[in-house]
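The following pair of complexes shares a single chain, subunit A, combined with subunit B in the former and subunit C in the latter.
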Partner chain A sequence: MNNILECYNLSKFYSGVPALTNLTLSIPKGKIIGLLGPNGSGKTTFIKIAAGLLTPTTGSITIDGNAPGVETKSYVSYLPERTYLSSWMKVSDIIAMFSDFYPDFDVPRANDMLKRLGVSTNAKLKTLSKGTKEKVQLVLVMARRAQLYLLDEPIGGVDPATREYILNTIITNYNENSTIIISTHLITDIEKVLDEFLFINKGQVVMSGSVDSVREEKGMSIDELFREVFKC
Partner chain B sequence: MLKKLLKYEYKSVSRILVPAILGTIALALLTAVLFKISYTFLPPENEVIIEEGVVVGVSMTNNILSVILLTLLIFSIIAIIASVFVIGFILLQRYYKNFFGDEGYLTFTLPVKTSAHLTAKLISGVFWMLLGGIGVVISVFVLVVFGTAEKGQIINKEVLDTFSMLFKELFEMVGVGDGVAYIIELVLLILIQCIAQMLLFYLAITLGSIIAKKHKVLTSVGMYLGINAAAGTIINIIAAIVFGKVYITNNLSVFANSAHLFFILFIVLYSVISVVVFILINDLLRRKLNLE
Partner chain C sequence: MAWKFVSDRPIYLQIAEHIKIDIITGVYPPGERMPSVRELAAIAAVNPNTMQRAMSELEQSGLVSAMRTTGRFVTEDKEILEKTKQALAHELAQEYLRTISRLGYTPEEAAELVLKINQ
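== the complex of A and B ==
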């Protein structure tokens, strides 16, 4: 199978209000994909269904052939748009926890990344700033050797220098068979690392394709294309 | 996986509950020791008034120690009662936050079955409930048995004698074999009731969090009241049906047998409730989880 993720007629309603409507798409292995769309377009809903935190109203979704469950969670690495760390833990505690539960978690790699970002493993999570917590979470997620990474707004809360480091980490550290789905508004920043893009709006795919072909055929950057497609 | 989950469950809860339980016992111990000292060193007019082994009060003088003693005693009693609430609150808060709060984003993306998550929460909950109960018993025991001992003695023998009398009478009345059986049944009943109670709490929180869009905690409380009333009614109806058929008599051996029936019936009822509620919560977590 060449697709890591497939979904068919996937819909999600929040007390009657649609967030996704009949979303059908497939995502190939070994690509970095930008999931792009305006606020409330269904990006987070889609990622949370894939992570197994939301139950779809109708339709189906499979990740490497399995519906979201214990199996998929062992090879999907998910970065939520919020902080999920327990404040009483130290950075070293949460690292120990990840290595306890995820066999694919690479402790030396995590420690190395934390060191480069200047985060002490002895620090209590309670004392860290919001941005630093986001860095810790990103390190935890990227230090796994997962098949699919689901990154929901990974660079939203960090400074441009860290952004640069994180994006470099993403492109240099992932292996060829794994796939990364990045949802973000900060298109200009991530554009250079993307292979493909998916524009979604109102819970449906509006446009998709490869970043290079947009550049070659339309002579546009994804940011420019986004502004054109989603013109208010 | 269950072992690992339990490890983190323990780490998270114990940092508050161990000090809470030990603190309560320590306060009781301190109170008892100070009472002891006041016996030994205070002049007679400052004596602690004891009636039938129970501290009734301290005869008030201008002596500061008397005031301190009374205050300590009151604090100690409040601490004992509060420790029960603190344990309950911490356990339920842990369940809510770890499953349905932001922490749920990590909890439910761990490659672990929901049944393992629920089992870990249940074992942890029952363990701390029982430990808290033991803490309360120890604290009360320390206050009563050590705190009220007469001058020159370390423990209040009267209280201990009353306890041993009680057991002796029970064994005499029903026979040693039956007496032991009663104690085993009682312990089992307490354990299974703890399990059922914890699961009913968890069910209420799960339903409240899944159904309500807003005011999840308030909905959970409402759910608990409803569920508890429903479970109580079911148990009462079944118990009434079963006991309605039992011959009421003043023959001691027949009565003793029906008391066994009473224990066993409740053990079975609470076991059935526990199994049904466990399956229900697990199903809700597996099929209806929506962390919004």
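== the complex of A and C ==
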């Protein structure tokens, strides 16, 4: 099977309000995919369903053949939009917790990445800046040897230099058999690390393809295409 | 520093061009082993699959060749290197001509201008 994720007619309603409506898509293995869409288009809802945090109202979704659940959590690594780590914990506590939780968590790799970042494992989370906290979270997520990484707005709240660092961490730490889904609306920054893109709006896929074929056929970047498709 | 890309051309072609220039200018000398796709992707801050595609492009042009286990090497074939250099120079000259002809310059005047500036 060449797809890591498949979903069919996936819908999610929040007390009657649709967030995803009949979303059908498949995501191949070994690719970095940009999940792009305006605010409120359903990006986070989709990622949360794939991560097993939300259940779909109707439709089906499978990750490597399994519905999201205990099984898939062992090979899906998820970076939420917001931090969920307790601020009283030390970085070393969190590393211990992660390696306890996830058999695929690579402790030496995490320590190595943190060292390059200049983050002391002795530091308590509450003493770290927002940007550094985001970097630590990304390190935790990327230090797992997962098959699917779900990154919800990984470069949202950080400065351009940190963005570069984060993108570099993503590129250098993924292996060719795993897939990364990155949701964002900061397209210019992320375009050069993507293989493929998915535009979603109002809970549906409106366009998809490979980044370079858009450039080849339309002579425009994904950022320009986005502005055209989602013109207000 | 991450490489810069323009928005109207495929990224893999722009990467291939960047590396071509690096080879011509001796950043990667003839006969030398190229960094791995992964390393190059990190240097350029691009997707490794895109870098892979750029390298295939360079392999096709004969500028680099892949050894089964030891990686990719820059060609030592002087003819290929010279041809690549000429092709790049040709493109630059064409680009110059296109731009300056919009200002009403004839090719002769354009050539004169280059010589004059160089004095």
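By definition in this document, the second predicted complex is superposed on the first by the 232 of 232 C-alpha atoms of A that agree within 3 Å, B and C clash if a C-alpha of one lies under 4 Å from a C-alpha of the other, contacts with A are read in each partner's own complex, and residues count from 1 in each chain.
Keep in mind that, in the parts below, a residue touches a chain if its C-beta (ideal position, glycine included) is under 8 Å from a C-beta of that chain, and two chains touch if they have at least 3 such contacts.
Nothing here was measured: the structure is a model prediction, and the numbers come from that model.
Contact with subunit B, but none with subunit C, is seen for A:51 once the two complexes are overlaid on the shared chain. Within the superposed three-chain model, A:219 lies in touch with subunit C and out of touch with subunit B [touch as defined at top]. In the superposed model, A:8 makes contact with neither subunit B nor subunit C. Of the two partner chains, subunit B is the only one that A:71 touches; subunit C does not reach it.
Residues of subunit C that touch subunit A in their complex: 2, 5, 7-12, 38, 41-42, 45-50, 53.
By the touch criterion stated above, subunit B contacts subunit A in their complex at residues 1, 4, 7-8, 11-12, 15, 102-106, 108-113, 213, 287-292.
For subunit A in complex with subunit C, the touching residues are 30-32, 164, 167-168, 171-172, 174, 176, 191-195, 211-213, 215-216, 219-221, 223-224. On subunit A, the positions that touch subunit B within their shared complex are 14-15, 48, 51-55, 70-71, 73-74, 76, 78, 80, 82-86, 88, 93, 97, 100-102.
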